[in-house]
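In what follows, chain A forms one complex with chain B and a second complex with chain C.
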Partner chain A sequence: MTTSNLGLSFLVLTMNLSAYSILGSIIGYKLNNNQIKLSSKNAAYSTFFTTLISAICLVYAFVTNDFSIKYVFNHSNLSMNPAYTWVAMYAGNEGSLLYIALIISLSILLVLKFKPKDLIESEPHLIALMSGFLLFFISVMVFFANPFDTFQSNIPSDGRGMNPLLAHPGMFSHPPLLMAGLATISVPFSLITSMLLTGTFRNNGLDFVRTTSLIVWCILGVGLLLGSWWAYTILGWGGYWVWDPIENVGLMPWLVMTAFIHSIIVQRRRGMFRVWNVILIFLAFVLAQFGMFINRGGPVVSVHSFAASTLGYIFLGFMVFSALFCSLIFIMNYNKIYSDNKIESVVSREAAFLINNFFLLAITFVTLWGLIFPLINEVFYNETVTVGAPYYNAVNGPVILLLLFIMGIGPNLSWKGTSNSNLKTNLLYPSIVALFAFSIVSIFTSKPFMSSLAISSIVLVLSTILYEWFRGSRNLARNGTHWFYAFFKLISNNRKKYGGYVVHISILLVALGVIGINFYQVKIDKVVTVGERIEIGNYQIEIAEINENSFNDRREKVATFLILDSNEKIIETLQGNNTFYPSFNMASIRAAIKSGPIEDLYIIPSDFIDNDKMKLIISINPLVWWMWLGGPIFILGTLISLWPRNLKL
Partner chain B sequence: MNLIIFFIVSIVCIIFLLLPFIKKNEDVVENLVKLSEFRKQRVLMELNSELENGTITNDQFNELKNELFQIESVEENKLENVNLDPVEEIIKLKKKVND
Partner chain C sequence: MFIKFKFNLIIILMTFAIIGCITNVSENNNRNYDLYSKIMCPVCDGQTIGESQASISNDMKNIIDLQISEGKTDKEILVYFEERYGTEILASPPSEGVNIVVWIAPIILLTSAFIIFLSWLRHSTKRQVQ
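Let's turn to the complex of A and B:
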């Protein structure tokens, strides 16, 4: 038995185990037979181990350069850095499907292991739903996209190589996190659906739903941010986000999940928004399936559809099925999930959460419309239309600004209603600081009104957070406790809330980078020769040399730049390259970047015209550095929020 | 070697699947007790919520609570068929009457 046969055999075994798990759960539930239920649970547990062995087989095939397997041939070669074996595993459609299946099976294992006992009643439905999701991916692999498919004859001695754009450190985490995030939205979806089906969607198990949702949301968020970093450093777009379809399909479920993790708090605290929460999680799940469809042979053109295939119709079918299933479940259970309370005041925290949800969904639908509008136009009018960044920036920009504003106001409102004195205490000083920031930015810069408004909104949110922390720490420090310790005690005493505040700070940092690049970027586009100097901002850039290197799989042109300050002193030497991969007919551009908290000097060697002449796009991108700092702070905030109550911080 | 790996893992999986049928172990009973306890708690919460909302009176609350505990004590003897539904049915009925 070859490695490919072993891998495929374990996929078939996983498929059977998943099918057994679904049937066992349904039959066990119907017959109220606990032996059958337990047996199906054991089958669900087993799927992780069998999928893992399958994945190990594929990795082993890569490590041993087994080019008899078509997938290994298509995504690696003998000159590939062994460190990229992990990346190669999910570099194409079949391997990424196996990776997704592995993640789903792992999530089944973890959910069944750690779910609280008050979800025991909905367990059979949960197993059936999650195993059903796994079964879909495994079946697609077994019948349509076998990662272990082999050459029957003429086994090649070397492979085609991995997509060159994927040879980047960011690829170790960006695609797996994004795929894991999209796939594991199935966890909160299955939890809520199973609770709905058993009539237990009240307050039991909501903490577990929140925990899983936060983890999924964090994974997806970090995946998106890492994708931006990768685009910024390697794709040579000159930016971190271009509203590309593949980016958008990852962003939309994240936005809906953001709305969900906020509104689930209202359900927990006030017994409200039950129907709304069900709609949100169903929408997030369907959008995640939409993402899978667009990623795998969807009809829109993207600059980075690495997993593109001809399987689009299967994923489209699954998405339609998911949407119909969700609609049916919702219609059948709508009457059982009424809310206990109603919004009593517009100036309340629950009202702020609702407005926040409204804005998040508005951004989602604007993005979705931008994505599907070209398709609708093509189908109905036979016209090719492109919806680009200007549309998204123009429509989403003001909504994001309003969202930032609500982020500053919302946490300062009380449940049920806020008194005027409370409003004054919480918001007076932060509002003064924000107004001051607005005046300073408006007076000292000649940038649009929107930029001043955006910066003052960031200042408002930040100052409300810092002011609340200051007051809380001061209260705790009154009995002689050290301020530093008092602050940590404050955070520790209310981890969910203040973890959320830390996440808000990370969002502010990302917003700062967005504002910097959108409103304050300076850009020049020039053809230069070796030895020439260009002046931009406080920098002078001298093109020191251009070198050309040839490798088996690529031709690389490397430009060396000397960066001088206004006193003509060399402060740094940077290199940027433009590499062409003939077997992929693809160029990969790596920008030369001098990064710092104030600004980034960003040089894109977009085209090498001659041995000593090239086209450069040079820009100064203010504050982008803070965007990347937002990533670790985002993770830190989520971890604080998730940290269990019975564990010391 | 690969065939042996596949064979062993398959056998382990089959045994794992058959285990609950071979060994009617304490887990099953433990799970049933958990389920029974959980459903009791759920019905109690429902009762409390109905009392707070004014759907049922104090007397009805006490009456239903007693009924719930009676059913539970009967069911403890036959854990294979945990059934607390009568109380849930009564709550629904009372709600309809009050509506």
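Let's turn to the complex of A and C:
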């Protein structure tokens, strides 16, 4: 039996298993037969192992260069760095579907394993929903996009190779995390839908919904940030964030999930916003399906076109189906959901959460509008337009600023309502510091008004958080505890809250990087010969040498740069390269970057003119370094938030 | 005494902030790069000419540099490219004609939504108090 046969057989087996587990759950629920329920649960469990075997077959085919499989032929070749053959599985449409199916089946396994006992009533519905989602992806592969399709005759001796833009360390982390994040939004969605369908959407199991949502949200967030870092280090993606349609469809579900994880806190604490939370998770799920559609043969122009296929209509159909399904479930059940309490004051934590939700959805809407406007315009006015970064920056910029501001105020408000004196104690000093920062920035820099506002908002949020930490640790340290220990005790006593603060700090760091690059970047371009020195900022740059290496599938030109400080002392040697792939007629350009907390020196080897002459685009990007630091801090904050109460380090 | 000190501090800072706003003259040293990021590369998918390394992008950048040195305004330069390549060459549509909708719609919609949302919030909290 060949690898391809084995892989396909297990795909078909998975398809049957998931279909069985859907039917079994429904029949078991209707007949209230525990044995049928158990059997369908076991079928759902086993889909992970059968999908895993299929995935292993595909990875094995890549690692052993089995070019008899068309998918391997199209996305790998012999001269490719062997490390990439392990991940080339998700370099194209069919394989990435298999990867997504694997993640969904893994999420089924984990959810069924770790689900709390009080969710037993909704279990059959949960299994049916999650298996249904898996069944969709498996069927698409079996009927339309078989990753194990083989050549009947004339098996090629070498493949076409992976898209050159994907040959980057980012390939190991960004695509798998982003796809996993988008696919597993189905977990909180299925949990809530199954609870709605069985009329058990109360507070039972809400902690589990929160845990899964936070994990999914963290995976998606880290995936987005890694994509940003990837796009920053290599050219061809348009820079760290360009509001490309594919970036946007990843961002929108994350924004809605961000709103969801905030408003679900209100449901847990005060029994409010139940209807709203259902709407949010439905919206996030439908937007994730929208993302799948745009990714796979959507109608928009994008720099990401790896998974593009002719399957667009199938995914469009699935998205429309999801939207109808969600609407139906909502209409049938919304009168069963009600709030235990009402909002009592505009100046309360609840209201701040709602305002935060409003701004997050506003950004989502602006992004969606920019994405679909060219389509509307084309259909109604027959005119092609591009809606790109200038639109998003101009319209989303101010909304993001307001959101930052709310991030500073909101956590300082109390539940139910806040007294003026309370507000004053919490916000007086931070506001003074922020005002001070605003004055300094606007007097000493000659940049737009927005940049001073943005920086002072960051200072406001940061100082409210630090001030609260300071007061909290001081209170704990009063009875003789050491300050340092008191601080950790403070965080460990209320992990959910302080984990949230740590995540807020990571968002501030990302914002700092965005401000640095958008408002304070300095850029020059110049044709330079080897040995010549050019000055930018406090640096002098000299090309030390230019080398050329030829490989079977690519020609690589590497430039070595010497970076000198103002005293003509060499501080660093950097390399940038420009690699041309003839079979793709595509060049991949890696920038030379000297990164640091104050600023990045960023050199693009734009064009190699002669053996000793090249065109460079050099920029100084202040504060970008902090954006990448935001990633680990974001994960740390989520982990603190998720860390169970009874588990001690 | 301390309260007065804080009050004075705020007044002083406010004054500084206002001075900052008045004296704030934003300079644009990167005018040509700003323009590069407003024009799409005609042969690439979803990249501006600032980002693209295609030879046509380099030619277009040279045209922009030339026109800036001739003293043309940003608007004139953008119109120059729009006339030759169509509206889709611009990274975002100009705010005129039908395309004004792309800019206006979210602003009007979000502002009115926010007003409705706030009045709903106030209304529902007032009802509680009674």
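By our rule, the second predicted complex is superposed on the first by the 645 of 649 C-alpha atoms of A that agree within 3 Å, B and C clash if a C-alpha of one lies under 4 Å from a C-alpha of the other, contacts with A are read in each partner's own complex, and residues count from 1 in each chain.
We take it that contacts are C-beta pairs under 8 Å (C-beta built on N, C-alpha and C of every residue); 3 or more make two chains touch, one makes a residue touch a chain.
Just so we're clear, the structure is a prediction, and the values are computed from it rather than from any experiment.
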Should A:86 be classified as contacting the first partner (chain B), the second (chain C), both, or neither? neither
Which of the two partners, first being chain B and second being chain C, lies in contact with A:520: first, second, both, or neither? neither
Could you say whether A:449 touches chain B, chain C, both of them, or neither, answering first, second, both or neither? second
Could you say whether A:330 touches chain B, chain C, both of them, or neither, answering first, second, both or neither? neither
Between chain B and chain C, whom does A:172 touch in the aligned arrangement: first, second, both, or neither? neither
Count the residues of chain A touched by chain B and by chain C, then name the partner with the higher count. C
Thinking of the overlay built on chain A, is A:387 touched by chain B (first), by chain C (second), by both, or by neither? second
Chain B partner contacts - residues on chain A that touch it in the complex: 1-3, 5-6, 9-10, 13, 17, 20, 32, 34-36, 38-39, 42-43, 45-46, 49-50, 53, 117-118, 120-121, 200, 202-204, 340
Residue positions on chain A within touch of chain C in the complex are 235-236, 238-239, 242, 244-245, 301-303, 305, 342-346, 351, 354, 358, 362, 365-366, 369-370, 373, 377, 381, 383-391, 394-395, 399, 428, 432, 435-436, 438-443, 446-449, 452, 521-523, 587, 589, 606-607
Within the complex, chain A is touched by chain C residues 6, 9-10, 13-14, 16-17, 19-21, 23-27, 29-30, 33, 37-38, 40, 44-48, 51, 53, 58, 86-93, 98-99, 101-103, 105-107, 109-110, 113-114, 117-118, 121-122, 124-125, 127-129
Provide the residue numbers of chain B that touch chain A in the complex, in ascending order. 2-3, 5-6, 9-10, 13, 16-21, 24, 27-28, 31-32, 34-35, 38-39, 41-42, 45-46, 49, 53, 81
